[in-house]
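There are two complexes below, and they share chain A, which is joined by chain B in the first and by chain C in the second.
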Partner chain A sequence: MNTKLKVSKVSKIYPGCIANDNVSLNFQSGKIYALLGENGAGKSTLVKILSGVINPDKGQIFLNDKLLKLTSPKDAKNNNIGMVFQHFNLFETLSVFENLSIDNEKNNHQLRILINNILKKYNFKIDLDVPILNLSAGQKQKVEIVRCLIRNPKVLIMDEPTSVLTEQETEDLFLSLKKFSKEGILIIYITHKLKEVLSLCDEVAVMRKGKVVSISRTVDEELSSLANKMIGENLNKIKKIASNNLSGEEILKVSRLNFNSEDPYEVNLVDINFTLNKGECLGIAGISGNGQNELFQILSGETLSNNGSIKFRSKEISKLNPKERREYLMAFSPEDRISQAAVPSLKIYENVALNNFKTSNFFEKGLFNERKIKDHSKKILSNFSVNTDNVNLKSQFLSGGNLQKLILGRELITSPELLICFNPTWGLDVGAINYIHQTLVKINEQGKSIILISTNNDELLQLSDRISVINKGKLSKIMSAEEVNPEKLGLLMGGGLVD
Partner chain B sequence: MIKIERRDETSNLIYFLTPVLAIFLTLVTGAIIFYLLGFKPLEALKFFFITPISDLYGLSELLVKATPLCLIAIGLSFCFKSNNWNIGAEGQLTFGGIVGGGVALLFYNHEGFYVLPLIILAGAIGGMIFAMIPAILKIYFNTNEILVSLMLVYISKLLLDYLVVGPWSNPEGFNFPETRQFSESARLPILFEGLRIHAGIFIALFSVFLAWVVLFKTYLGFQIKVSGLSLKTAKYAGFKGKTMILLVFMVSGACAGLAGVGEITGPIGQLHRMISPEYGFTAIIVAFLGRLNPIGIVFASLIVALTYLGAETAQIFLQVPKYTGQVFQGMILFFLLASDFLLFFRIKFLGLKKYEY
Partner chain C sequence: MNIDINFLGILIGAIMASSVPLILAASGELITERSGVLNLGVEGMMIIGAISGFALMVITDNLFLAIIGSMLSGLLLSFIFGFLTQSLLTNHVATGLALTIFGIGLSAMIGKDFVGIPGKQFPLLFVNLKEAIPFFGPIFFGHSIVFYFAFLLPFGTNYFLKKTKIGLIVRAVGDSPLSAANQGINVLLVRYCCILYGGAMCGLGGAYLSLIYTPQWIENMTAGRGWIALALVVFATWSPLKVLVGAIIFGGITILQLHMQAMGIRIPVQFLSALPYIMTIVVLVIISRDSRKIKLNTPTSLGQIFYKEK
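Take a look at the complex of A and B:
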């Protein structure tokens, strides 16, 4: 069956921003289409228009030359347009089958047969009667896909589906998507990951600032050409030069560190041992939820472990709180930049004052030295190219990239000897990621050390000197970056063994 | 379908004006209630809010009542700003009164300038120690401070009951449940002959100033603010969370203790069962009506004190129960919370057929 989807001159204007500017696209079944763009390029708006969540101000959408009226997600469903969102819409405590039957009119017996057929056909291994919360992210996504497949979709839209998946799960997903495509389902794949576009898709439309800037076949493209189209400027490729100023001077030594949490939702850390040298970047990979959070908190001093030792320049620091550790010139950039690293309702300069040193004199004799803090904040804003010079702005009005620059700036302007950062580029656009990577490389070159806990393997491979993988609270053997490749990482992340 | 969304930004001016709106709505609703009860609304409101303060004596009474409310609310603002829900100021007030009163009885018939400061200090320390109980239990056993501080209110009230009936009761008092009248050296000086307004007001005003400096100009105040907005951030910044819990409770307890000792050495002059018409609970309303801001609290305490006075005059002139005062206090809090909700959230009506993901 041949499906044609046509987006014709669609515009959507929000106050102060044109989310979609006269977008026209043609899609045809049998092919997998990529919609590529930075955060805020207008992809999500277009997807929401296609799925009926929001209405366009101008323009039409045609399915097989028939004008579609999409005023609610229900209309999209009735017109056989299926959507898998980045965040799952599943009831955690209900079983898989219950989740699938909620919005389905068929009787339970028929539905179960139908679902079982789908599972068999695509070789999905999911137990229909376990609650959703027992499933991995990849399995949850399959449930979402099955929910679409039940309705015989003509169009399947996937919104950044791999952000929560492991390498292995991603490959699985790609195989399934290719299968769907062969069966005549038109697939639109939204992403900002360039590699995925090249390995999965046939055609790619690049969006930038609400406009479609390029439509091309992926065989004609390569990583750098796509990246340039996406951000509209030539990226200077970050190449980490293997740090040759490694003096072998030991900065941090963690030994026999264990952490048993009282909270059942936290991960216990088991026998963590590693050392970090001056000027080195140690990457810690892993699927999220394998103890990264706990490890970060223990290294920063937010939680204290009751046994094991952490030595910073041979001084025992395991009983110190984050403020005391900062005095030793450690700096921390947590994963949750929005509500942990900063308080959204505080002004920029107040957020800067969070990182308070004895020597910074923000609070002379306990009094708030507003002028000093503001001067210091201005310096951060300009040194780290944050897109504002107003230190009285509430930090909730900064975009993700600018907020992260502010936080990194705040942590780095004191020239710490060790920076511990956790997913520093999570959810940022290419421009900001590029900036932050450059910054990290630069401080390494200045002889500062970094512990980079990240779920982004590309980033780890790009920036680390040595890499270890955390799985269920245990660290793998630490490997030098040259001997690691994505496959090896994927294997270790999934709990497998290498060598 | 109705959808409730958080607003992006609320203007500072409106934030401080909504309490005024809440008071206005309270007046309108009060007028309606009076009308339904068969009174002329405007006249009733006049009896309630104007008559009580139309002479010097009335104004002095207003300040007498506003003083403890303001003091307690100032203390509570430290707790509430840092996300510690101390509901037991009434108990801390009572315990401060007990300890201060104990010292006053100890120095019965003593002369000397040191007696009064000693009593006041004892009262503050008493309230502080009593407030440390929920704080310490929270820190070490993770108990809920709301429940603990609330339950402690009844413990201190019953202890006061026992003392004034038993060991501390006035030997010449014909078994009335009250202690001796404190001697002159143990009394706060009266400011004007014939009026009840006393030197306690200076303690309250000084604490307002001190609280303003601490909350807005010091590192401690900054830490309190950050902890109130995000405990996660406070932890990340390395603020000593446990010390801070203890500290804010101590401040709050000391203020409530001061209010208690101010009452017994000021207008009351002895210990008896009813040393406070629930000032400790009403001060919670004052603290929120004043936006946890020291200056706001000064105004809020005057307004709420007026409801106490209004209830008394209304009782006399309109023959309504004095609990009308509490009805008005309740309405103020209700309208304040309601307008806050609308201030921070907007309600969207999406029509009936719309689907929402």
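Take a look at the complex of A and C:
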């Protein structure tokens, strides 16, 4: 059973953007293909075309030399093309079995036997009669995969499948995909994660701005070469020069800070003590859910601690709200860009206006000073290379990377003395991560201080002057960056003791 | 004692009859909402059903045609709603409210010439059994065909939603129209059908009032029943059988409080009049308090505008 899929000169043009520009690709069964590209490179458009969700403006698709007419998702299904979308296409309130039976002509009894056979064969453990909303993300994805397998797919397309999975679930998924590939299913794997391409795929096509810029075998590639192809320029290696001007000028001093939450799902903070000097970056590492959220909220003033003190330039600020703290030139970039840092349904300039300082004069007698806000927003967009200059654009249309640049820009344009950021590069592609890291290094060099709470150890080791680990709401001893290595971090994060 | 029991039977029969329009309209609206469409035009569609049924009865002298006509007029009105919300993507809430206002106004205009015309006796089934069996007779027999249809409808609706493929598709569309479209389901077609079905049932509910329950045309004769039907659907958490329970409680307390008023019990009339609304909501909230079930029954996409990517 040899399957050949050919994409020939496919173009899709949206107003103001060429999503796919003359894309031609050849795929053959027995191999796992990666389609690599940054957010907005056109990968998702291409797979939506392959699955019949949207129609191309130009170009053809051939399956085993037969021209396919894919005008609806049904056509893709009938031609044995299976697709697992990044955002699951499941009905949350229906049971697993109902989800699987909805587009199937077989009678329920036969279908149940068929599904049970598939579950057994690939060792998937899913209860067919529970509603989808009770399942974990990994299980939901398995349901999607089973939905494809029921139809004996020749082609299986996975769109950024690991973005919602835990590490264990990712490993399981890779094993399954390799198994499918051995059984002759052609697998197309869409991702922006370089490591996954190298560990899973045989061939890789890189897309950039709607075009295929390179097709190669993964054995001939390495992380840096793929990254450069994806970005289209050589990534500047970020080099943190150890801040030598740690003059000891104290910016922030946190002492004997405790936080007891009434919410059983929150972590209590126990006796937090640290100081932060001018021009320094303090990294706080830890496995997510060990109190990072609570620490960020207390430092930013979203919640107040039960006791203890936070002193900013020797002024007590622990009872101030975020707005008042901002007036002292502190800036905050929360983890959740969409719901905490920005309001997605508001326009860019409106989101900028949310950060309203006494000195910024955005409002006059309670009315919007639109000109002023828009000028200010334009300055942010250009200074922080957000890829639009339209301040009237709704923020929800920005990609994650651009939204993060906007948020950082909004926080930094007032030249704050201290930036507290929480997972600033979470979910971003390599280019955006690189930009944000550069920005953070730059503000350190300007003598501003940073508290970087992150679950990404590479990032912490790259950017921090000193590092502490948070575990079950307690901070470890603060170590200088030179004395820390990944192994030591890992040990501390897991609660192991190091002296 | 015998007389008392028979009176009780007649009372229960009357309660059931009074809940028929609510059951019909609420069952129809339930299907519409299960597909993710919130049509607040129930009152408007009912009143249009009432006047067109009555007018057709007067003009053609044919009750069958009158019933069919009332359903068609409800369906026509809901088609306007469907076209606006599904094809032109207008807001469900605003469009539904407009539909109600439109229906009330239009029915008053059509109805001008029909005020004061006496209705016609609607054929009742099993009348001899009603007399013959004490207590149960007046409850179960001597009603119109629409009555029996209404009481079977919630069971049918329940079966349709839970056991049939099309019912599954309706629920899927209400859960996530985008996923449904990506599965190759024609979301617009499903939603249109559900809207039209809801409209027809509301029309029938209205016609029951003007042709069977109080056979005459009175302006604004639905008197807020459409809104009650809407509330029933929500408080019954989109479960057809709970809608039935709610409708009977509402009808029951409405009739009981009328009797209490007639008996001169010293409770303020305003309180008695408000009682059916309060009790129905209290009971439905109590029987639907399983939050897991609520989550599973609530159409997630309710009231959201859906459009397909091109």
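Going forward, the second predicted complex is superposed on the first by the 272 of 499 C-alpha atoms of A that agree within 3 Å, B and C clash if a C-alpha of one lies under 4 Å from a C-alpha of the other, contacts with A are read in each partner's own complex, and residues count from 1 in each chain.
The rule is short, and it goes like this: a residue touches a chain if its C-beta (ideal position, glycine included) is under 8 Å from a C-beta of that chain, and two chains touch if they have at least 3 such contacts.
Only a predicted model underlies this, so the values are computations on that prediction, with no experimental measurement involved.
Trainee: Applying the document's definition of touch, where does A:G366 land relative to chain B and chain C: first, second, both, or neither?
Mentor: first
Trainee: For A:E316, select first, second, both or neither according to whether it touches chain B, chain C, the two together, or no partner.
Mentor: neither
Trainee: Of chain B and chain C, which one touches more residues of chain A?
Mentor: On the superposition, B touches more of the residues of chain A.
Trainee: Check whether A:E487 is in contact with chain B, with chain C, with both or with neither, and answer first, second, both or neither.
Mentor: neither
Trainee: Figure out whether A:P131 sits in contact with chain B (first) or chain C (second), or with both, or with neither.
Mentor: second
Trainee: Touching A:P334 in the superposition: chain B (first), chain C (second), both, neither?
Mentor: first
Trainee: Give one of first, second, both or neither to describe whether A:D375 is in contact with chain B, with chain C, with both, or with none.
Mentor: After superposing on A, A:D375 lies clear of both chain B and chain C.
Trainee: Looking at the overlay, what does A:P73 touch: chain B (first), chain C (second), both, or neither?
Mentor: Both: A:P73 reaches chain B and chain C.
Trainee: Once the structures are superposed on A, label A:V53 by its partner contacts, choosing first (chain B), second (chain C), both or neither.
Mentor: Touch status of A:V53: both partners.
Trainee: With both complexes superposed on chain A, which partner does A:R326 reach: first (chain B), second (chain C), both or neither?
Mentor: Touch status of A:R326: first partner only.
Trainee: Residue overlap on chain A between the chain B contact set and the chain C contact set?
Mentor: 53, 72-74, 85, 89
Trainee: Taking the touch rule as given, give the residues of chain C at its contact with chain A in the complex, in rising order.
Mentor: Residues 165, 168-169, 171-172, 175-176, 178-185, 295-298, 300, 309-310.
Trainee: Write out the stretch or stretches of chain B touching chain A in their complex.
Mentor: 8-9, 216-222, 225-226, 229-230, 232-233, 235-240, 353-355, 357
Trainee: List the residues on chain A that touch chain C in their complex, please.
Mentor: 48, 51, 53-55, 72-74, 77, 85, 88-94, 98-99, 101-103, 131, 133
Trainee: Using the touch definition up top, name the residues of chain A that touch chain B in the complex.
Mentor: Chain A reaches chain B through residues 53, 72-74, 85, 89, 300-302, 321-326, 332, 334, 336, 339-343, 345-346, 350, 353-356, 362-363, 366-368, 394, 396.
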